[in-house]
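Two complexes, one shared chain (chain A), two partners (chain B, chain C).
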Partner chain A sequence: MKKIVKSFYDYLDERLHLEDLVHFMGKKYVPVHAHSIWYYFGGVSLFFFIVQVTTGILLLFYYKAGPDLAFESIQYIMSKVQFGWLIRSIHGWAANLFILSAVIHMFSVYFEKAYRKPRELTWISGMLMLFLGMGFGFSGYLLPWNELSFFATKVGSDIAGAVPIVGESMKILMRGGPDVTGATLSRLFGFHVALFPGIFTVVLGIHLLLIQRQGISEPMHFEHLEQKEKKTMPFFPNFLLRDLLLWLVMLNLLAILAVFFPAELGHKADAFGSAPAGIKPEWYFLFMFQSLKYLPAHIIFIEGEVLGILLFGAAFALWLIVPFWDRKSARGEKNRLITYLGIFAIMFIIVLTILGWVA
Partner chain B sequence: MKNIIFFTFTFFLLNGFSFLNGKAPESSDQCFVCHEQLGGVADLFKKDIHFQKGISCAGCHGGDSKTDDMDKAMSKSAGFLGIPKGDDISLRCANCHAKKEMMQKYGSHLPTNQLELLKASVHGKLSTTGKEKIVQCITCHNAHGIVSVKSPASPVYPLNIPNTCGKCHSNAKFMQTYNPSLAVDQVAKYRTSVHGMLNAKGDPKPAECASCHGSHGIRATADTKSQVYALNIPETCSKCHSDAEYMAGYKIPTDQYAKYAISVHGKALLEKHDVGAPACNSCHGNHGATPPGVESISKVCGSCHALNADLFSSSPHKQAFDKEKLPECETCHSNHAIMPATKAMLGVSKEAVCSKCHTESKSTKGYFVAQKMRSYVDSLDASEALALKLINEAEQKGMEISETKFKLRDAHQAKLEARTMVHSFNEEKFKEVVVGKGLAVTTASISEAKEAVDNYFFRRYGLMVSVLIISVLSFALYLYIKQIEKKQASKIS
Partner chain C sequence: MSDLDSNQNRRSFLKYLLSTSIVGFLASVLYPVISYLNPPKQNEVEVSSVLAGKISDFEKDSGKIIRFGNKPVIVIRTEKDEFKALSAVCTHLDCTVQYKKELGLIWCACHNGKYDLTGKNVSGPPPRPLEVYKINKQGENIFVSKKA
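What follows is the complex of A and B.
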């Protein structure tokens, strides 16, 4: 067996010069410290993305976009297609877990200030992928064309429509018209399976390339340590195998969730029906949705909802460009303000999500 | 001088007659004194109840009836109004008839809401000319010869009402100007009804137009407040037909309403407010109300239950029922207390209607056919219940089974179809529906639901196996990593 593997490797090496790559990877090291665990969430996010692409392609074999066929095709996938239920349930769960692991990854980078020079672009590309992930979630949510997804899309696009100046155009762009119709379904389907994956793949490529090129960020206190004092582990094979181990654990988790909590379908969307009671967006939009609900109708001269959207927009913009205004971290100094802001953001998200969940 | 003597003579003569006639205003009503000489309306007025109650012409026409000076009596200053026209007529009547104290003054206990009711009625709302409403008080009660409604001479006395209403309602030309789609044969039909025939014989008790439609407050039949609006008909009929005392002389039962109210038709109409459900008039007719005869029952029921009636007519039961002079539908379903047709009616048990005629001792073919037909329905019911149970179980387990659930509706449809097909009393045709359609659906549903339940367990066992494999793989990988790291550590040391 070993002989066969070696001869195959030699065959490839002769043509692709794999030895160079192995040599390059062999020189890569991952810092080992108290917070090393957070390094794995980037890999976990990648794993969920791969699962999404795989299950998404499988679903595409049977899914038919269109108000007359979408719901029925999902029904067919869930009841007739061999393991269709499993593929759809895994797709649904992996989508949620992808956002969760990406958020954890983003906060770990934030608290470690790993975005500091020279990794500003890595941070920006990561944030873009997180936003795209949310876009995937929003666009994919409508595809089953059921009551819940129909009205959630309506509410979600209405909120986007409240943005001053560009809101209405954004809403039309999202809906493909003034209302949520079959045109919205076709449009969001296009976003979900073509536009977003295309952009995401490019950004992911840049993100991974930057990581390979710049190496994994060291914690700030490493800068004050001697080379000998820095604990590290080889990226290949140690870190990669550990990542693989975690992927297997996640695969198990996905299988358990998909079997015990399979994706539901509900009732087919009816544009003339009434919205289901207590309609809520996906959990990762819930904190924003709940915050907007708490705002009064008018704050001074501006509508509460509009002000809320503007504030969230400003907060996300500031968060995105944190490497450029956090000059202290860039200089290698501790910046407590950033840490406190991060803790506040996490507390805010958790509390508002819980409030939204129980409301 | 001659004139004075003649006038004085006439005056005393007239007053003398008036005195003899009763309470009529004597010398005080100068209008009457003069108009009586002219004849016409004054002659009619003599018979009028108002005249007899001492109400003068001025009561309606205004003016001063005490003076014999015509100019003074009929002057505007004396309040002379002349002949009232259009809607003024009813208003003039209401001057007294809408005032309780005024009516009591003349010893009348009549209601005082007639004008109010008339205004809200179809007669008081509609107009053919745009100037006045269709009906005024005098249209039905006359103008100068008004007599008590209890008097046989009154146009609104029960025996006269059909003709009074018919004056307009049987006049096609007049009705065209007001409602071209409204039939004008009501009186003609009424005369063929049991009510109409008794009425023609001089019995004032049977229903006439006002008994069902009301008198002053008549509303269009489509008006929900109308006494003959579909939902109100049973109650309207029951006013007389459920009154044992009132119906005593007619020798017919008075429990029709009570029976109807608990029937499938009554519940649909009275409880579910389904105006399409039959009321009394649907089977008995309305203006020509008559109990359907033995031979016409299936035609009456068949006007709604057309398929059932057709199947029955071509079944062997038709001849048998005709021979025995049995009322077709009524024999099995009864008349007023028609209950939902459940499977209990079918078969050879005590509750089954088939066993009324088909007994085992007679060993008729019908006995065995009924027994078999019931067994098919029982099988379908049991099979449907099992399919539902399994579908529910699969649903509770989170399995997608909506298509099977939807398909199972066909079994219910087959049961409905069987309810009709039973009227063919043909075992093969019945079997084709119950077994061929119904049982085929339930059997397929059971199989699909079972598969879904099995699939649920398969998923769990499959999960167990896959979790085990992945866990073993993970553990092996963990050991491999440890091994590598151990080697690396030993290399460094």
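What follows is the complex of A and C.
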């Protein structure tokens, strides 16, 4: 067996010069320090993305988009197809866990200021993937065509419609018409299974390439240490094996969640029914949803809703370009303002999410 | 003009030609794609009046959503046996409202918006009142029509 593997390796090596690659991988190190645990969440997010692609492809074999077919096809997957309930539940749970681990990854990079020069583009590509992840969540939410998803999509696309100037055309583009109908379902299905995965894969490729090219970010205090004082761990195989072990733990967690808390289906959407009580978006949109609830109808001369959307938009834009305005971190100095802003953002998100949850 | 100058001129002319044709090319590809994504306007069936049902279809102190063209309209039979018809689309974020018996108000479950039975937004985030429709009783039948 060893001989076969060796001769296969030699065959590839002769053609592709694998030596260089092996040499490159052997030189990769991961810094070891008090906050090393946070390095794992990027890998965990990647794992959940792989799970999403796999289970998503499996669901495609039975799912049918269309207002007369979507709900029924998911009913069929849940009740007739062998392990259909498991695949759908894993897809639902992994979606949530993907967002959660990506958000943890994002905040850990933020607090470590790992976005500072020269890693601005890695940060931007990561944020793009987080936004795309939310887009996946929003578009996938409608696909079961149930009451909850129907009204959540109405509200979500109407919020987009409130954006000044471009809002109305964005809404029409999203809905495929003035109202949420079968046309919206076709569109969001296209976004969910073709457009977003395509863009995501390209951005992910760039993100991983940048990490390979620049190496893993060192914490700021490493800059004042001598080379021999820096504790590190080889990426291959030490870090990779730990990563894989964590992936295995996550797979178990997914299985437990999917089995004990399977995805629900609810009632089929009815365009001429009233919105049910207790309608809520996915938890990661809840803090925005809840904040919009507290805004009065009018603030001075502007609609409360519009003002809220503009404020959130400005906050997200500032967050996205933080590597470009946080000049202090780029110079290797401590920037407490960034840390306080981050703590404020986390507190704001947690408090409003809880308020939205219990409301 | 020297050879060098004329070469430079030719080069910059070609550069200009190439870059404008790239822009032209992108525009000729993107324009049809963007137009394709913009859904065609469908001629909405102009509805001026619909039959909402018989008086006996509506319980006292309750509301029912009916289809008015492709828009939902809420028809309410009040405690005092009056009929009211209003647009069922919440002016806040497009959810479909319902009649809340306990409050005697129209309520939107999405963001807790409330309207009184004249359609006026009385609490919560809705920025505008609901559009009011006309009710016509013809014998046992209830007709809903747009206000002129």
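In this section, the second predicted complex is superposed on the first by the 351 of 359 C-alpha atoms of A that agree within 3 Å, B and C clash if a C-alpha of one lies under 4 Å from a C-alpha of the other, contacts with A are read in each partner's own complex, and residues count from 1 in each chain.
Keep this in mind: contacts are C-beta pairs under 8 Å (C-beta built on N, C-alpha and C of every residue); 3 or more make two chains touch, one makes a residue touch a chain.
Remember, predicted model here, so these are calculated numbers, not experimental data.
Colleague: So, does A:M174 touch the first partner chain B, the second partner chain C, both, or neither?
Modeller: neither
Colleague: In the superposed arrangement, which partner chain does A:P296 touch: chain B (first), chain C (second), both, or neither?
Modeller: So A:P296 only meets chain C here.
Colleague: Between chain B and chain C, whom does A:I309 touch in the aligned arrangement: first, second, both, or neither?
Modeller: After superposing on A, A:I309 lies clear of both chain B and chain C.
Colleague: Check whether A:V259 is in contact with chain B, with chain C, with both or with neither, and answer first, second, both or neither.
Modeller: first
Colleague: Under the stated touch criterion, which partner chain does A:M106 make contact with: chain B (first), chain C (second), both, or neither?
Modeller: neither
Colleague: Report for A:L58: first if it touches chain B alone, second if chain C alone, otherwise both or neither.
Modeller: In the superposition, A:L58 contacts neither chain B nor chain C.
Colleague: On chain A, which partner's contacts cover more residues, chain B's or chain C's?
Modeller: So, of the two partners, C touches more residues of chain A.
Colleague: In the overlaid three-chain picture, which partner chain does A:L245 touch, first (chain B) or second (chain C), both, or neither?
Modeller: first
Colleague: If you stack the two complexes on chain A, which partner ends up touching A:L97: first (chain B), second (chain C), both, or neither?
Modeller: neither
Colleague: Once bound in the complex, which stretches of chain A touch chain B?
Modeller: 75, 78-79, 85-86, 233-234, 237-238, 241-242, 244-245, 248-249, 251-252, 255-256, 259, 262, 264-265
Colleague: Flag every residue of chain C that touches chain A in the complex, lowest number first.
Modeller: 37-39, 42, 65-67, 70, 72, 74, 88, 90, 92-98, 108-112, 121, 124-127
Colleague: Given the complex with chain C, which residues does chain A contribute to the contact?
Modeller: 151, 154-155, 157-159, 169, 172-173, 176-177, 179, 183, 271-279, 292-293, 295-298, 303-305
Colleague: Residues of chain B touching chain A in their complex?
Modeller: Going by the criterion above, the answer is residues 398-403, 452, 459-460, 462-463, 466-467, 470-471, 473-474, 477-478, 480-481, 484-485, 488.
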